[in-house]
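The two complexes that follow have chain A in common; it is paired with chain B in the first and with chain C in the second.
So, the complex of A and B:
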């Protein structure tokens, strides 16, 4: 655990000593801020964060791989990963340390968006429950996506490739629900079930209830399981370096 | 001479021809493997996209399997090495572990999807369905296709109603798979909307079973925001599935028009009755002298031109019905009973007897067969040509109620002694018309001092919050439900003789408009889930500029400061 904390602290600091965290955060805030402003200034706008959440998931699609792409790819390129893996730390500690650091950056990135909530309270009377559930959903989704970005970073020593692979995996999971339109009218039962399973695997279908103000254990478990799967794959990916 | 022989060591080492062929074929094994995998993928896509191509799918699947097996057989040694060699064993071990872990993840998600708990954290428990709705959904025996006609491009109202409808319907869909939903942009596909004979303009949700279709229109909240409620949707579901139909009662026993008379060209209302039933209503006669009150399951009460006198108890029964928020369609003409007209007078509408004559708009040759000018109102809908033979005129019962007419144009209600009144003129004659007091005069002509000059109102839709006598006066009313009624100054227009014209549609529109506000199921009232932002131009300006610029600027400034310190 101590090793994990040390790695987390080191990685978190390194995010903020380079321009990456500032630039990524600024881009995220500028885009979400723009769409938030558009959504709440239209006629009959609702005093809620639903539109913010629905646009954030698409912005996180490329923000998250940008945050995670360097975590393992850079170490592989510089040759420091071998040192790290031969040091007296377990693979899981390395992975968790880097993951928690990126999660810290994500939370730091979301923190300033409390300004949008403050604007809603300033000019209206929003319902607090859906705002809290929306943030819980966004953090759970972000936490799961970070593990996928981390996994992509462990696959290559090239940061660009890590970014593209990470963004590709997230894109597929974001739009998995689009398969609903593929089968023709009245498809066989097993096709219907297959489509239902793929739709269930879609990341964004699990965020809808959170943004409405409903917390469903299905959605919480989906994101928790996805997070664990992502971390597991990353550990296995690092482990393969010992015998490849 | 001995034949020349080449020593064996000088022979070029040529491989036997079979071996060369085998090597060549082995070289093809990656191509075969690739083609095999491609065939399997194509088979999968075939099955997903073309459901009626199962034979082709099986053939392509078979080809793929054969190609893969051939590839494995040709490179058996290489495959074996890859599996049982050192790297192969580690790789296989990892593959098994990853597969097992992914399997566990699938099982965890499957269990989570089967045994889930939901926590509605909204203030009014907006997404927690009422018991009545849950029971209705669980009892569904047929599939219900719900079609939403919205045009989100046209602005806020469509987008808001679409969001509300989809929120509610997704909650319904979690209870039963029998609810199927689709959204259609009616501006892109107007023909899809034209298939339904709707009385009001979209946005609209249509609940449809093979037997019947029931539309639901969004209703306005007190804040003027459109809204679909759970009550509206569940009521529509009950109608569409035939579990429960809205009830329309026609009073009888005072020589009203007879809904049992379907005779061709007769003065009965049998054809109107069929039309109302065709719009998914249950129609019954109501003998008030026996029942003493309007039944609680009445969604709309129709009083169609009573000629003989209402008993005091009968008038009181209709008055009590209106006071509890009842909906009614009243038809009056010059023979209508005085007691009934007295009731209308109490509720703010005076009927001026006589016959309206309009030389500018009438059906030739009779100038008393008036073709009125129509106003923009859901009761009128798309109707443009209606004709009312020998119609009477309507007006507010007193001068202090006159602002109720102006309030309609502003979409508001006039405060009269603490009660709120909105009177919307539906039909009116031209300024050239007059109310002919002498019915025997032929041809009718305007007699100054006797006849009343036009324009004259011939139809009126009224909504009244509070007692008609004013706040604190008269019997109490339902504070949450306004009295709502339509008064038309004619009874002939809807009789069997006038079928085939637009006139019956005017009657049906009026019933639909009144019934739309009625629900078939009593569900607990939820506070409105919508909390609208009302922004001043300055506030909107501040949000527009500060949201995308202020925070990024601060973050970049922080980054710059950090860079400066570390420089």
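So, the complex of A and C:
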């Protein structure tokens, strides 16, 4: 635990002493701000965060791997991974430490978007429930995606490779529901089931309920499982790095 | 303190090291000597638990590096070949991180940081960003990082590489000071370093241990009686021919010293030819002025062990 906090603190500090955290936050706020402005100034627009959520997931698609790409790739490049892995620290502590730091940055990045909510309250009468659930969904999704980015970073000492692989994995999961259209009319039962499973694996479909104000346990479990799987894969990837 | 038993590491079909076995006692400074690519770094990485061996096992401070990894790692200070530095931290921040990573408390970290900064003569640079330090200072920060938690066992991979001669001397002295309370294993391909710093040396070539002894014994044992230098007065060509015919002699070189010649006679080890040669020269009626057995220098032993040519 102490080691995890130590590594989290080091990584978190490193995000903010380099321009990474600022640039990523600025880009995220600029893009979401633009689309938020477009959506709420339409005629007959809702006073809701639904459009913000649906656009955020696409922006997170490249923001997340940008946040995580250096976490392990840089350690490998600098040779500091050799120091971390030969110190009396468990691999899981290293992984969790880095993960929590990136999660911290994600939260810090989402925090300023509260002024979108403030604007909604200033000019309209939005429902509080769906706004809260939307944020919960966004954070859960982000938390899950970060583990995938972290995993991608553990695979290579090259940050660009880490970024592209991370963004690739996330994109596939984001649009996994697109397979619904593939089998054509009246497919065999097992194909239907397979499509249902792949659809369930899609990141996007699980966010829809949250943005509507529904917190479904299935969706929460989905993100929790994805997070655990991502962390597990990262730990294994570090272990196999030793065996290579 | 350190025990390596039959360490073998294969990368696919490539054999990095094979059957490396040795022990290092407490307070000993052990040198791993070998040409580039001999397997020094691989051996060290296995000892520190960074990579596992394909077979064989290693113990540090009595703990198995694989099955009791965390315990073993607690006893280790390690300077890898590429000095592991976070270039965006200051020297003090970095040492603080390294200390805490090895379980030191905040108070202890503050105290030890000050001490290792003094030991490694980093005083002026304590608040400098590591990225701005020159190679030699980075190397020192690397050593500081390895000793901050006062480990029983220090593993240093090429600690004097890339630093200027004065710093090399300082670093060697530092390592000598560290031996005694720490067990030190260092790798190098610089021969004089070994005889200056190490109590014992292991020569590795192509992944195998080819010799292991004290530096002075190595030259005795391998060079011992296998070279004789003799000054003789007499007909040069005849003397060379006669000496060459003696059984076991490999080469005879002559050098004119004016009125007498110096012959350097190399022959197969494990045989003392001093008496045979002396008798031969005297019986022929030549003047034997001097005869002296000579050991090979460490350089020659090293070359002899690590190249297939015979000297």
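Structural remarks
In this section, the second predicted complex is superposed on the first by the 244 of 244 C-alpha atoms of A that agree within 3 Å, B and C clash if a C-alpha of one lies under 4 Å from a C-alpha of the other, contacts with A are read in each partner's own complex, and residues count from 1 in each chain.
Just so it is clear, a contact is a pair of C-beta atoms (placed from the backbone, for glycine too) under 8 Å apart; a residue touches a chain by one contact, two chains touch by 3 or more.
Treat the numbers as computed from the prediction; the structure is a model and nothing was measured.
By the document's definition of touching, of the two partners only chain B reaches A:236; chain C does not.
When the two complexes are overlaid on their common chain A, residue A:61 makes contact with neither chain B nor chain C.
After overlaying the two complexes on the shared chain, residue contacts for A:34 are found with chain B alone; chain C is out of touch.
When both complexes are overlaid on chain A, the residue A:126 reaches chain B alone and has no touch with chain C. Look at A:163: by the touch rule set out above, it reaches neither chain B nor chain C.
In the superposition on chain A, A:83 makes contact with chain C only, while chain B stays out of contact range. When the two structures are aligned on the shared chain, A:112 is found in touch with chain B, with no touch to chain C.
Of the two partner chains, chain C is the only one touched by A:6; chain B is not. In the overlay built on the shared chain, the residue A:215 is in contact with chain B alone; chain C does not reach it.
Which of chain B and chain C touches more residues of chain A is settled by the count: it is B.
Chain A residues in contact with chain B (one complex) as well as with chain C (other complex) are 17, 243. Those residues of chain A whose C-beta lies close enough to touch chain B in the complex are 16-17, 19, 21-23, 25-27, 29-31, 33-34, 36-37, 40-48, 112-113, 115-116, 119-120, 123-130, 132-133, 179, 182-184, 186-188, 191, 194-195, 200, 208-209, 212-218, 221-222, 225-226, 228-229, 232-233, 236, 239-240, 243-244.
Of all the residues in chain A, the ones that touch chain C in their complex are 3, 6, 10, 14, 17-18, 78-90, 242-243. Residues of chain C that touch chain A in their complex: 45, 48-52, 70-71, 73-74, 76, 78, 80-88, 97-98, 100-103, 145.
Remark: chain B residues 47-51, 86-87, 90-91, 94, 97-98, 101-102, 105, 108-109, 112-113, 116-123, 126-127, 155-157, 160, 167, 170, 225, 529-535, 539-540, 543-552, 554-556, 558-559, 562-563, 566 touch chain A in the complex.
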